[in-house]
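There are two complexes below, and they share chain A, which is joined by chain B in the first and by chain C in the second.
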Partner chain A sequence: MARDPGLPPRRLPRELSDRMLCGLFVLPTLGVLLVMVAYPFLSLLYYSTLSFSLLRPGQAPRAMGFGNYTMLLTDPALWERFVFTGKFVVLTVTVQMLLGILIAYFLQRDFRGRDIVFTLFMLPMMLCPIVVGFLWRYMFNSEWGIINVMMAAAGLGKLDWLGIADNALVAVVIADAWMWTPFVILLATAAFRGIPVNIREAARIDGASPAFVFFRVTLPLSAPILAIALLLRLIDAFKQYDLFFAMTGGGPGNETMTVSFELGKIAFRYFYTGLASALAVLMLVIIVGLAMVFVRRLTLAAEER
Partner chain B sequence: MARVTLDRLTMRFGPVTAVDGIDLEVAQGEFVVFLGPSGCGKTTTLRCIAGLETPTAGRILFDDEEVGGLDALHRNVAMVFQFVSLYPHLTVRQNIAFPLQARGVGRDGIRRKIDWVTRIFDLAGILDSRPGGLPPGARQKAALARAVVREPRVLLLDEPLSAIDEQFREEMRWELRHLQKELGVTAIYVTHDQREAMSLADRIVLMRDGRIEQAGLPADIFADPASAFAGFFIGSPAMNFLPARREGGALVLAGGAARMALPAAMLAACADAPVQVGIRPQHVAPGGDPAAPGAFAARIVGRHAVARERWFDFALGEFVGRGAGTPEGAGNEGVVQFDLGHLHLFTEAGARLRPAVG
Partner chain C sequence: MKRIRRAHLVTTAAVLGAGWLALPGTALAQTELVFVWHAGTCADILVEISRDYPDQNVRIVPALVPYGPEWHNKIASEFAIKGQGFDFAMWDSQSTAEFAGGGHAYSVNEIFDRSDYLSPDLFAPAALAQYGEYPDGSGKYWGLPVNMDAYGFMYRKDLFENPDEQAAFKARFGYDLAPPQTYQQARDMAEFFTRPDQGLYGWGQMGGRDYDFATTASNSFMWSFGGELYNPQTFEVKGYLDSPASIDGVKAYVDMFKFGPPGSGNWGWDEVNAAFQQGSLAMAMQWYYFNGSNADPAVNPKAEVTGFGNLPGAVGRDGKFRRQFSVGGQGMGVNGYSQKIDALIKFMEWYFQPAQQARYAAVCQTGLKAVLDSPEWQQLNSYNRHFARAFQYTNDYWHLPEYAILLDELQEEVSNAISGKKTVAQALADAAARNERTLEMAGYTITRSATLPEVPDQLITPVGTDAVVALPFD
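This part shows the complex of A and B:
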């Protein structure tokens, strides 16, 4: 369009710069995020400083400051829940990572029906956690569960799997590892396949045995993806709720209650909304802290390359 | 440092025969270049020697030991690949140490070896860098250092210089050639670049469709190609191939566009079937007497200057060929003179026709 050069430059179109345009495009998403994430998060922080219950909206909330936090952090019973959760997380994630990497390693070689085997391995991950929980609960039943039946047949005697805290921990670790090892297999397979053929061949020609190649080439080169698998498994295990709910109900007593289980109880059985909010914030801090450590290390590793 | 023998080496991938019964002996310390177009089986042959592929049939011997059944891991060969194959998570130093560690060489031994290759390849400045940050030339130098540090029985090179800038490549070629002679290692080098082959090789093995087309000294293959393919593939600019037919005491060129007198022995070799006259542009000169043996009148259709070289294009009917030099005048009419000492005759299928020695 031809414009009279005598006119003063038009203002509006000029000010709709690229940056503004970007802003406009981002705005809807930003709005959704504000409503769905920022608002709940801020209200969570706010509730965590109050003493109040969702069930009694008539009763005025009472400001507690950090009262809820002190109450939680000085409660030895809650510390026990953290210790138990920690044990569970370390056990289950260790088993999943080792097993997942091992299976992925053997699934690398070509054999007939590999794709079918691979698909079968992926199945547990696709099931609903609560269903998995009940499945394993019945399998671990001390009287007629298949595991005890088989153990008895093998002459090992029956075990009270879910009635003794240590046994129950092992049982849930088995169920959780059964369900989530496939995820590690998936990511480890992707990581292994991402290593250039050239590099594997170079290692073979360099006279490296399969074990030497695995520990000196394959693992280090897969480390970034394996680290992501580890982080996701840590976070998920830390939040584990369904399996305990279905398999042990937190028992015997409350010895197999995880922190999330405890949180669920405080929030939705007793409806101490303020206290539950404070515990949720604590869990969030732990998870975000964990994630930050990993992101840091990944960025450092990327910069070194 | 071993002598390498291939005995009827054959490699099939399903219905495709990539290497078709190759016999070859590479002497200890020799620098052999496998040359050929892509798909001719040169890389597959190399990978068989490396132990990365198991041949379908035939034997591979290092000195007199049969290695066909050994995996790459146990052959003590070294290989430099076309694309970077350094371990990206290790420094150049760690990369060079890798094959030594894999073989269980001790700490002191490794240090001594690394000092040695660092001196040869002039790597001091990059020993502690990771390969990702290095230019392609430096990376391939490091890859070469990693290859020779273990003193392999055979050094295999799969187009190692093709990812490097033209100018630096020339320099790397000289250096590689010099190093190979200094170390005395048996080297087999794969390339599709005939100039690379000409400047590196003690002996060129020209391959086509999984077979050896011709093997010999670079100068011999250039001067005396065994087939039209060998003539075409080696030398730059490419050899001219004129369709021709014997008629009385002369050759009729390009479907009757010109007649060229030839010595009787050469004519006798042609028999009565159509032939191809192969001659390199370097041996085609402008001017002279069109009735002389090897000369004929043609149209001059182009003149080119490449640096200090002068080339011209001549046309005969549909056929366009190339010669060396500057035709006199600016006109289209001219005479082309073939150097009969470098004129080769081939059948239509490309087989060489040799005049009876008399």
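This part shows the complex of A and C:
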């Protein structure tokens, strides 16, 4: 359609519209997301199909297709890493959830000095994980570590905490629980205190015992938040690296090597970049899968209510 | 409203612009030469000496990491991105192949050509080869011997010189109690001094899974018994690493944990030092690097009664005596991607002058011949004269670019032997199989020999002697 010659000539708008301004402000974030998330992820997928090393630029990358995935998934040693990681995750998250809920149960009530006690409980979570690892490494030292000194004083004898695989697992679980139980306490306390007081009071008036109130009222009403705490702890425990690095170095042998530790080793000690990329993709699939199952169950539970 | 919005945009742009101008790279600054090393006294003294560098426009900046895999990984990661995050680095002798082979290190031959002062003659030839040459025997250097080190030995003189102990030992074992010349003797003495009820143990050694903790120690035993890591001509590992002589050596090493405190199987150097300084150990194998602190009464309450020397050797199954132990220390390598090579060469010309190196050698071990040969340095303390002798007996890991992978595999398997998960023979056989797989993946062709030696040292640079060659101790 021809333009009416009587109209004034079209000019670029002198002022930015709200829509354009929003777009301008979002653009940097989009750019950052593309550069920091999309590009690395696509690169990761591409690298996982190659055999190459970043440290040996002279050697040309070789296309492997799914070769790296096949190599990883048929390697019995990697399955051992998954089994060990699973054992660690189940143990540490169970301890953290049970302890966290128990302590939160007592901390939900108002008492004198509660805020100070609560802050003290939160302190371990604020520390750097590698520092926590070295701290516990020295505390678990078989000869002069405080744990063995106390055990010997109590007549229990000394234990080789970090030199025997099963003991080392327990030692790392203790360190991890010490550091991350506060996170569960934080969420559980918030959940417990968020329940309207009248609901619990009504149960008590109806003659319910404290245990009945806790298991039938408090816990079910806190379940969504506790499930989020559980999900976050599961994901974090699955990725655990620092504590094993500092406390056991993956040993004795390879018996305390988690999948994350194996990934770090393949990527930055061996510099098998293609193979490490494939393992990273596998870990990502597991973590995203785990998260999706949880989110779905949470959503269903919410809909049912 | 629109005016306000425009004002916001202008202000934002101005703030961003001012921030950009304030970035360190945009302002003129003095030249900073960044180096990577593991944290410790040697890095500290380097920084201290560098403060006196006459060109005050140049500043030496340390980027230190704890000793262990992170130190290697920090250098390797920077090389992987061809980064300029550091200008020079002290890396382990065995990493030279990895970094030079990958094309990341700047040629030291080039530095020799460009410098009027720096030349190979300044350094002990064995040290220059050990810390900088790749491939072996090629005359191509990628590092300068900046911090030499070797596995050493320390013991409690008060125990060894006690007449009652001497008499009791002689009555039990039939020969005089004196610092051991062989691991066979060391085992007897370790057993003799192991008295858990008194909090005393005979022998301390590293066995940790971390980095090279277990294998620097186990290799020292293995080489002394005539074993080898591999055949550098044929690239065979099977039949060498798991040869009968290698198994003898690693068995002797694992056996010594019986005479260490419970749990010492996962010790690193820190724990060995701490146990010795607390008086829990009669003998310990430890790097010369730590002798400075172990001889210091402020650090080691037993310093006055601590004696130093070289590690024992062993009489192998072929009847030959060998004394071989792990070389430690680092060469100074230059980042090939650095843009400050000229300034760095000038600094190196100053730093490797005898005056600076004498200051350094008062705390750590220099590679500069002029200092090493000087009587002042050799008499500076009780252990320098032993160290000057130690380099005749040192041996090293594979000088191959795949070193880091081979090391980790061997560490894992030796650790399995220490923990008892596998027998020594099984662990070494598994390590050999894994090492060969790694070499094959990297493109090496392994040529199988018709016969495999029982004592591989007889084939590869033999060092065996018919009689025990005794070394002095303090």
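What we mean here is this: the second predicted complex is superposed on the first by the 277 of 305 C-alpha atoms of A that agree within 3 Å, B and C clash if a C-alpha of one lies under 4 Å from a C-alpha of the other, contacts with A are read in each partner's own complex, and residues count from 1 in each chain.
The working rule: a residue touches a chain if its C-beta (ideal position, glycine included) is under 8 Å from a C-beta of that chain, and two chains touch if they have at least 3 such contacts.
Keep in mind that what you see is a predicted model, and the values were worked out from it rather than measured.
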Do chain B and chain C fit side by side on chain A after the overlay, or clash? fit
Touching A:P124 in the superposition: chain B (first), chain C (second), both, neither? neither
Quick one: classify A:N198 as touching chain B (first), chain C (second), both or neither. first
Tell me which partner A:G67 touches in the superposition: chain B (first), chain C (second), both or neither. neither
Is A:D206 touching the first partner chain B, the second partner chain C, both, or neither of them? first
Using the superposed model, measure off the angle between the directions from the CA centre of chain A to chain B and to chain C, in steps of 10°. 150
Touch test for A:G86: chain B only (first), chain C only (second), both, or neither? neither
Is chain A touched at more residues by chain B or by chain C? C
Check whether A:R216 is in contact with chain B, with chain C, with both or with neither, and answer first, second, both or neither. first
On the combined arrangement from the superposition, state the nearest Cα-Cα distance between chain B and chain C in Å. 44
Across the two complexes, find the residues of chain A that touch chain B and also touch chain C. none
Chain C contact footprint on chain A (complex, rising order): 15-16, 21, 54-58, 141-144, 158, 160-165, 248-255, 265, 268-271
Quick check on the complex: what are the chain C residues that touch chain A? 2, 5-6, 69, 72-73, 76-77, 79-82, 98, 101-104, 208-211, 213, 261-266, 271, 274-275, 278, 280, 401, 404-405, 408, 412-413, 415-416, 418-419, 421-422
Flag every residue of chain A that touches chain B in the complex, lowest number first. 196, 198-199, 201-209, 212, 216-217, 220-221, 304-305
Of all residues in chain B, which touch chain A in the complex? 50-52, 71-79, 81, 83-89, 98-99, 101-103, 130, 132, 146, 150
